[in-house]
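You will see two complexes here that share chain A, one where it goes with chain B and one where it goes with chain C.
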Partner chain A sequence: MLPELFFGYFAAVIVFLSVIVITRRNPVHSVMWMLLLFFHIAGLYLFLNAEFIAAIQIIVYAGAILVLFLFVLLLLNLREELRAKRFVGAWPAGLFVTSALLVIILSVLKSFVPGPAGKYSIEFIKQETHTKALGKLLYTDFLFPFEIASLVLLVAIIGAMVLAKRKTGK
Partner chain B sequence: MKEIVQMIPFLGSIPLAVNIVVILINIAIVLAITLLHVAYATYWERKVIGHMQVRLGPIEVGWHGLLQPIADGVKLFFKEDIIPANSDKPLFYLAPVIFMVSALTSLSVLPFFDGFVIANINIGLLFLFAMSSLGAYGIILSGWASNSKYSFLGSLRSTSQVISYEIAMGLSLVGVMMTAGSLNLSDIVRAQQERWFVIPQFLGFFIFVVSAFAETNRLPFDLPEAESELVAGYFTEYSGFRFALFFLGEYTAMLIMSSIAALCFLGGWTIPAFITGWFPVLLKLPAWFWVVVFLAKVYAFMFFYYWVRATLPRYRYDQLMVIGWKILIPLALFNIVLTGTLRIMGVIRP
Partner chain C sequence: MVPLNWYLMLSAVVFMIGVFGFLIRRNIIIMFMSVELMLNAVNISLVAFSHYLQDMRGQILVVFIITVAAAEAAIGLAIIIALFRNKDTIHVDEMDEMKG
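Up next is the complex of A and B:
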């Protein structure tokens, strides 16, 4: 009973906070609600015994990316931003697309089959600790995708540097 | 946090209420003791710096000024709380709370002596990073919500400083994780029974110390609150008890940085094996005695904070960024490679 209650709380609050985030007029307030949202997502990970992912969620998303969001927002002209319309005019099209998506998801929901239980049971994770289990997998079985992901990030870093670099001389 | 999660499946067999009461009592003890230590850390700082500058420091209130922190606290508590008219009120209220909460939450994973820690989680070190990165919100929001030039510039400086040095600090502790083979702070301390990590991780320790000074906005990196340029930096507009929250948060953060240094590099509550070899009687002492050893290390590091403050001038902002990005981060990356190589060669093993 309690696990369902936990999950229900997190799921409901995550949806509720997402709505709050996109309806705030002041973007800085939006970011603060998003911070709370990220904490609930981390709670959900923790609830799945994925403690490493939960910590990384807070460190990377809440601690770094959201702070960069704030930096960008501070460059905006808030006086204009507060008077601007909050929703674009094309909302009927958006409503149509999202409701179509909802219908698709609901129609495939009944054919959902839970995957077979693998080697990584909760007892195994508890004994091995989550960080160790994840690290071993990432550096053995999933080394290639892991390296590709880091390469993508490297490309993004180099791209940002090229864009930001001032042209000198000539 | 994890303990609560772990309790859920066995809810029927464990008397939950007793557990919760025990946890609450532990939290209350740790909070009360830490806040008392924080109050007297301010007194000690004023005394140390006073004597270093051939002054006496606080001397009027109580014997040798011992009641000065209490008098300060009472004064701040009863001061008028001024809120700027054009401030963003909810965020203005929230900022000091976030700052203080992120500092105090870190206390929950610190093992003060063998077996005494509020939450013995496997990711203790990562939890500390997460909480210290949240402190940046308190800073940036206080500056933005105050709607004042000095506050805003101070908060921008401070946030960019904190997020830059966080990287160097995190990377410097990766060496510790690799040497200990664990992220659990109690396990890291136990791995240092034979030899403190400051010896194999001297490079990591150096990087950690420099970034710890920058993370807590202390001299020689106290640009965010450079009095001569920015009045008081991000908390210029705060007064009364809200100011006190920032002040306490800063000293709590210093205490936590000192604790991390003691736990990760200086052996936590343990003393080196060769000393216990000479005096075997030390091993018979009760477990809580070792909190004295731990506190001695923490206070030695705090003294170092004060010593540096009394000695060094402030860096310029561009120098600060150069030190962080061009020196400390490459050094920390080199330290990781070095530690990995040494571990593969078998020179250090967990």
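Up next is the complex of A and C:
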């Protein structure tokens, strides 16, 4: 009973906050609500025994990405944006398309058959600790993708600097 | 024990809210945040799969998705700053130079 209640609270808050995030007129308010949303998603990860993922969810998403959003919002002029129309005129069409897609996905979910279970049971992770198990896998089997991820970050750093640089004189 | 399907339903609902937000808003920052919302929805389902199938690979994939999301946010926001500098707006309807 208690796990269901716990999940129900997190699911309800996550859905509610997602709707709030996409409907606010002022993007700064959206970012603040999204911060709360990310904390709740991190709570859901803890509930799923993924404490390392919960930690990086808070550090990277809430700590880095949202702060980046806030800084960019401070650089932009929001005055005119606040007066503009909030939604596009054809929003009922968008609602129809997305709810139809949602119904299709939800009806497909019933026929999902889980595959065979792996070796990372709760007892195994408890004995090994979660971060160690994840790190071992990341640095052995997934070493090559891990290196590519670091390259992606390098490209992002250089690209962001090149794109956002002010052109001085011609 | 919460069934796996509940997590998948939650993930689908959040993903669709993200798609809806992307379709109906014309503020480029909010559209960008809708994309982040979709990535988070996928992360929820991946972690749920990882827990219920007792396999760590789902969470490895989440680590990579968060990496790509961070890179995407940095590049995207840099593009938004460059656009704002040239056009003085973050309303996507007014960015029509390419006549697409």
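Some notes on this structure:
Rule of thumb we're sticking to: the second predicted complex is superposed on the first by the 159 of 170 C-alpha atoms of A that agree within 3 Å, B and C clash if a C-alpha of one lies under 4 Å from a C-alpha of the other, contacts with A are read in each partner's own complex, and residues count from 1 in each chain.
What we mean here is this: a contact is a pair of C-beta atoms (placed from the backbone, for glycine too) under 8 Å apart; a residue touches a chain by one contact, two chains touch by 3 or more.
In this text, all values refer to a predicted model and were calculated from it rather than measured experimentally.
Once chain A of one complex is fitted onto chain A of the other, the partner contacts of A:56 extend to both chain B and chain C.
Using the contact criterion defined above for the overlaid structures, shared-chain residue A:106 touches chain C, although it does not reach chain B.
When the two structures are aligned on the shared chain, A:74 is found in touch with chain B, with no touch to chain C.
When the shared chain is aligned, chain B and chain C each come close enough to touch A:3. Within the superposed three-chain model, A:64 lies in touch with chain B and with chain C [touch as defined at top].
When the shared chain is aligned, chain C comes close enough to touch A:120, but chain B does not.
When the two structures are aligned on the shared chain, A:32 is found in touch with chain B, with no touch to chain C. By the touch criterion defined above, A:129 reaches chain B but does not reach chain C.
Counting residues of chain A touched by each partner, chain B versus chain C, the larger count belongs to C.
Overlaid on A, the two complexes show chain B and chain C touching the same residues of chain A, namely 3, 49, 52, 56, 64. Only residues 2-3, 6, 26, 28-29, 32, 35, 46-47, 49, 51-52, 54-56, 58-59, 62-64, 67, 70-71, 74, 129-131 of chain A touch chain B when the two sit together in their complex. Interface residues of chain A facing chain C in the complex, by the touch rule stated above, are 3-4, 7, 11, 14-15, 18-19, 21-24, 27, 30-31, 34, 37-38, 41, 44-45, 48-50, 52-53, 56-57, 60-61, 64-65, 68-69, 72-73, 75-77, 80-81, 84-88, 91, 94-95, 97-99, 101-102, 105-106, 109-110, 112, 114-122, 133-134, 137-138, 142, 145, 149, 152-153, 155-157, 159-161, 163-164, 166. Across the complex, chain C meets chain A through its residues 1-2, 4-10, 12-14, 16-21, 23-27, 29-30, 32-34, 36-37, 40, 43-44, 47-48, 50-57, 59-60, 62-64, 66-75, 77-82, 84-85, 88-91. By the touch criterion given at the top, residues 1-2, 5, 8, 11, 88, 90-91, 94, 121-123, 126-127, 129-130, 133-134, 136-137, 140-141, 144, 156, 159, 163, 166, 182-183 of chain B touch chain A in their complex.
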